[in-house]
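Here is the structure we will look at, set down as structure tokens.
To keep things simple, chains are lettered A, B, C, D and E as they appear, and every chain counts its residues starting from 1.
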Amino acid sequence: MIEIKNVSKWYGTHQVLTDCSVTIDKGDVVVVCGPSGSGKSTLIKTVNALEPFQKGEIYVDGVPVHDPKTDLPKLRSRVGMVFQHFELFPHLSVTENLTIAQVKVLGRSLDEARTRGLKMLDRVGLMAHKDKFPGQLSGGQQQRVAIARALSMDPVVMLFDEPTSALDPEMVGEVLDVMVGLAKEGMTMMVVTHEMGFARKVASRVIFIDVGGRILEDCSKDEFFSHPENRQPRTKDFLNKILSH
Amino acid sequence: QANDTLAKIKSSGKAVMGVRESSAPLAYTLGDGKYTGYHVELCEKILHAVAPQAKIEYTPVTSANRIPLVQNGTVDLECGSTTNNLARQKDVAFGLTTYVTEVRTAVKANSGIKSVAQLAGKTVATTTGTTSVALLRKHERATGLEFKEVYGKDHADSFLLLESGRADAFVMDDNILAGLIASSKNPKDYAIVGETLNVEPIAVMMRKDDPAFKKAVDDQIRTMIKSGDLEKLYNKWFMSPIPPKNTSVNLPMGSVLKSLMVNPNDKPAEDFNAKK
Amino acid sequence: MLEFNVFTWDVLRSFVLHGFYFSVTLTIVSTLGGIVFGTVLALMRLSGNKLLDVPATIYVNGMRSIPLLMVLLWFFLLVPILIGRPIGAEVSAVITFVAFEAAYFSEIMRAGIQSIARGQVFAGMALGMTYGQNMHLVILPQAFRNMLPILLTQTIILFQDTSLVYIITANDMLHGFTTAGANLSHPREAYILAAVVYFVICYSLSWLVKRLQARIAIIR
Amino acid sequence: MSLDWQVFCLDTIDKEAVKGCFGSGRTQTYLDWLLQAWGQTVIVACASLVVALVVGSLVGTLRTLPDSPIVTRLGNAWVELFRNIPLLVQIFLWYHVLPVLIPVFASTNKLVLVVMGLGLFTSARIAEQVRAGIQSLPRGQRYAGMAMGFTTPQYYRYVLLPMAFRIIIPPLTSEAMNIFKNSSVAFAVSVTELTFFAQQAGEETSRGVEIYLAVTALYVISAFAINRIMAVIEKRARVPGFVANTGGGGH
Amino acid sequence: MIEIKNVSKWYGTHQVLTDCSVTIDKGDVVVVCGPSGSGKSTLIKTVNALEPFQKGEIYVDGVPVHDPKTDLPKLRSRVGMVFQHFELFPHLSVTENLTIAQVKVLGRSLDEARTRGLKMLDRVGLMAHKDKFPGQLSGGQQQRVAIARALSMDPVVMLFDEPTSALDPEMVGEVLDVMVGLAKEGMTMMVVTHEMGFARKVASRVIFIDVGGRILEDCSKDEFFSHPENRQPRTKDFLNKILSH
């Protein structure tokens, strides 16, 4: 479904991704973790070409992202993305947030878009809020709307960039619950997160990136959590830090 | 492009008259877009004669922008208080002289100032963009008199400088001074004093290089001089009460203008002052 | 010392009303024109395309470093000579103000567009929107909304700046007051009246802007 | 049309060309006059800027004081008064009206009156920016200052104002440039600065294009100079590692 | 050391603290938790009069905070406070941050202040960064400097308002370690936090505040964690949410 091959990226002379390769198959749930500034967000953004990269190749569902001739808007419309800060459109109501891209990008009729959007809104349990504006919702609710918005585009894969790290602790759960549900239904997902509980529950693989954008680990969840002795020292150190308290 | 004002007036159906807003009694406004005064009425008569069908449109101008406005064609006939001098003749043309002003000095009556020499060390006001500015500088250099100059943005402002004591004297055309004094709150507080700094022929102004239009204007003025209409007009505006306050400027026709009524010409100011 | 009784309602109507209309018209036309051209200039500057960016930058910075009075003089006295056709004071004032204010509005719009979090741009792109769709559906609506109070405040400044057209003798509101003052020999009183009228208008407008700002703040 | 720069070498009275373009003794060329007018512009602008900065900072700071509704209100009234009347009208009031109402102003130098007019007009805008600058600091900064045991003047002096002023350098820059441009209004009350020169010399010489070009160039140079000076100040005052939180950054 | 007696506070008509009473003795470490917007920050800020309150009394080390005659700056200089967003003074170097209040408020000499400040900086393990500016430090480092800054005023009590919630997960540990150290040395502390690991390790008491600023629980750590059956339903619900993933 997603194939990242030897991708490198620089900001000026500063290298932020170093020769990254990852393959994500249909139905995989891949959790990406690593220290702050290691390039997790950058990596996930390269997948739908929100960040350009200088070297390597990426294929999403067979489409070459690195190819300048690729119709990027079309590609992106098939990849769902959820951001750390939700990024709902504050000037549009919840329903409008859900429908605008369906109508303007996919060319669906307004009715069709509404039906599809509200179905997804129902699925994240927020039907009651369909006429509110994002600013009137709590963080956890906004993030669930953001997930519904991505889903209503019928994506072939979902990308999550730290979807819970901007949330108050009591709201983390409601968002993770939705994501667990998605994973269990077989959605292909690439998730940047520090929520190791989520990784333990549904990840098929865990990837660890170190500063400089170098992939240090790429192994199954069981291998990652059950055999710390086989992990790199940097990985162990990181896990110690985030699990210690 | 052909400088044919008459054709332009005919084709557009309107004649644009440049007018002043506060140059009583030559040209000033009564509000509501209405303009009046000696030159305004004169020009109305002229335009009526040379282009009877044309509608007259009034465009207010200032000392500073009147020449460019005439040059660039915004204004067809400027009817304000413009001095005809050599420098300006390079850019524009003037009609026959219809008024002669003497540049003099207005002071507070109780100031004791009686002559230009007494202005030494005093503050003298005049209006930005007028010939008086250069005149003052010239006079200063010629006589070695030192005085401070302040400039009002229009005549009313300059007069305000005199009234409020920011200036001790206001050097300007005598008719303007007389007009301002006449309409001031206490006309008796002011006096026009001292020698004449300059004699200036005042005329209506039009585009250069349009002999046909100039001739039409000049002919009309000649006709009015001959018929005595011009003198009647003069008396109406300078010797009788005029709006808005219905006071009289009271400035009888001077000897220079009287002789011009006999021998009209369009000579520049330099010719009038050459003898000095 | 000061007497206001010469300024009857009739006097004000005949001297000031026309100028008031002109000031208001000038304000409205140049606000709308300024916003349209300003937004275009802002998009040019943000386009990342040097051919668009550089001329827009020169224009904006040039306009912003010359006093409005000088710009008015330029347009009024020289443009007709250059194009060989006369333009009247009031047309000239409108053209000047649109051209001049576009530079200021473009800076406001540029700040507005840049104030939209980067994440919003990404979010629109991630949904498959093209650059144009993203601008039109996501960025500009928010930028306008964020900048509305500042746009309106600039409009109030613009209304005050219309008083400067006296330099080309366009007949604006202040001009009406000063002529009335001069011809009725009460110039000081006329200045005070003008100050009061401007204050009342501008203060009420800025009060409205504040209310609007509060309204918008609740919705967000 | 052809440009004739020779006009600047003419004597201002007899219109004769002067060798070297600079007059001597009692002769003055248009170039001399231009530079003198520029000097007036610079004097008016700089003096007004000082007035505006001092008064504006004071008023702006007072408007943010906690628990002082009366002071805040007075500060707000100041700002509303001075920013809701056109500068031109304010200058007329200072110059023509105030001296009649308050006799001491009658003998005041006209430059001082113009500087007061321009300075106080701008003080309202600077007060707005100072207030906005202080209020844009995280509320926690004020709390942190208080929590350290600073008194109100102390935490303004050591915590809030140093950062607030750094943050508002960009708007202050445009305000400083504005003051240069706005000084052109001073010509309406007979300060012989650049715009006055443009009008008067343009009228006397009929070489409007050349005169306006020169005057415009001097305005642009002045604005650019101010801009550079402020850039240097901004650079000097930069705090290592500090990035203003502008909510996401640009493109 | 701190006595909060029947404190109530309103913003307009909106009540944010309802009849709160807490007593904290010398050496106590009291952890305050509760949902977002429940008034935790408000409560802790009333203790050193950063927030005024309309009803009730607070005494800190015997000084009445509610008394308008109390010299509040002096009182505050004896109470150390650490904020969620660190609130170091960005225009001052680390050393200047540590010394300025000692000099200007306590009237210490610059030398004395430096000695004391650097000692505290050493204690939080950041001696190497003494000449940097806050913007050049990571979040965890900034928060440790903030703790050192508070400590260098020799406070009788330390207040913490969610000191780790603005930190990247890998940096939470380094800050909590410093706090645990402080607690173990006998510092009196009032800590708003959701880090239940920290509470388990060093809290002497745990307080739970519900929305509306009402104290629902105030009991020993052991009682709080070991006997969930004795807890109020709201508390159980909250704990479930933040501990579930």
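Methods note: a contact is a pair of C-beta atoms (placed from the backbone, for glycine too) under 8 Å apart; a residue touches a chain by one contact, two chains touch by 3 or more.
It should be emphasised that the depicted structure is a prediction, and the values quoted were computed from it without experimental measurement.
Novice: Taking each chain's centre as the mean of its CA atoms, which one is farthest from the centre of subunit C?
Specialist: E
Novice: I need the chain pair with the most C-beta contacts, please.
Specialist: More C-beta pairs are in contact between C-D than between any other chains.
Novice: State, to the nearest whole Å, the distance from the C-alpha centre of subunit A to the C-alpha centre of subunit D.
Specialist: The computed centroid separation for subunit A versus subunit D comes out at 51 Å.
Novice: What whole-Å value do you get for the distance between subunit A and subunit C if each is reduced to the mean of its CA atoms?
Specialist: Those two chain centres are 45 Å apart.
Novice: As a quick test, compute the distance in whole Å between the mean CA positions of subunit A and subunit E.
Specialist: Using C-alpha averages as centres, the distance is 35 Å.
Novice: Enumerate the residues of subunit C that touch no fewer than two other chains.
Specialist: Expected reply: 77, 81, 117, 119-120, 166-167, 187-188.
Novice: For subunit D, which residues are shared contacts with two or more other chains?
Specialist: Subunit D, residues with two or more chain partners: 96, 100, 187-188, 199, 202, 208.
Novice: Touching pairs of chains, which are they?
Specialist: A-C, A-E, B-C, B-D, C-D, D-E
Novice: Any idea which subunit B residues touch subunit D in the complex?
Specialist: Against subunit D, subunit B makes touches at 63-64, 67-68, 87-88, 90-91, 125, 128-129, 133-134, 137-138, 141, 150-153, 157, 160-161, 164-166.
Novice: For subunit D, which residues are in contact with subunit C within the complex?
Specialist: The touching residues are 1, 80-81, 83-90, 92-93, 96-97, 100-101, 174, 177, 180-185, 187-188, 195, 198-199, 202, 208-209, 212, 215-216, 219-220, 223-224, 246-251.
Novice: List the residues on subunit D that touch subunit B in their complex, please.
Specialist: 12-15, 26-27, 96, 99-100, 106, 110, 187-190, 192, 196, 199-200, 202-204, 206, 208
Novice: Tell me, which parts of subunit D touch subunit E in their complex?
Specialist: The touching residues are 138, 140-141, 143-151, 154, 158-159, 162-163, 166, 239-243.
Novice: Tell me, which parts of subunit C touch subunit B in their complex?
Specialist: 11, 13-15, 18, 76-77, 80-81, 84-89, 166-169, 171, 178-185, 187-188
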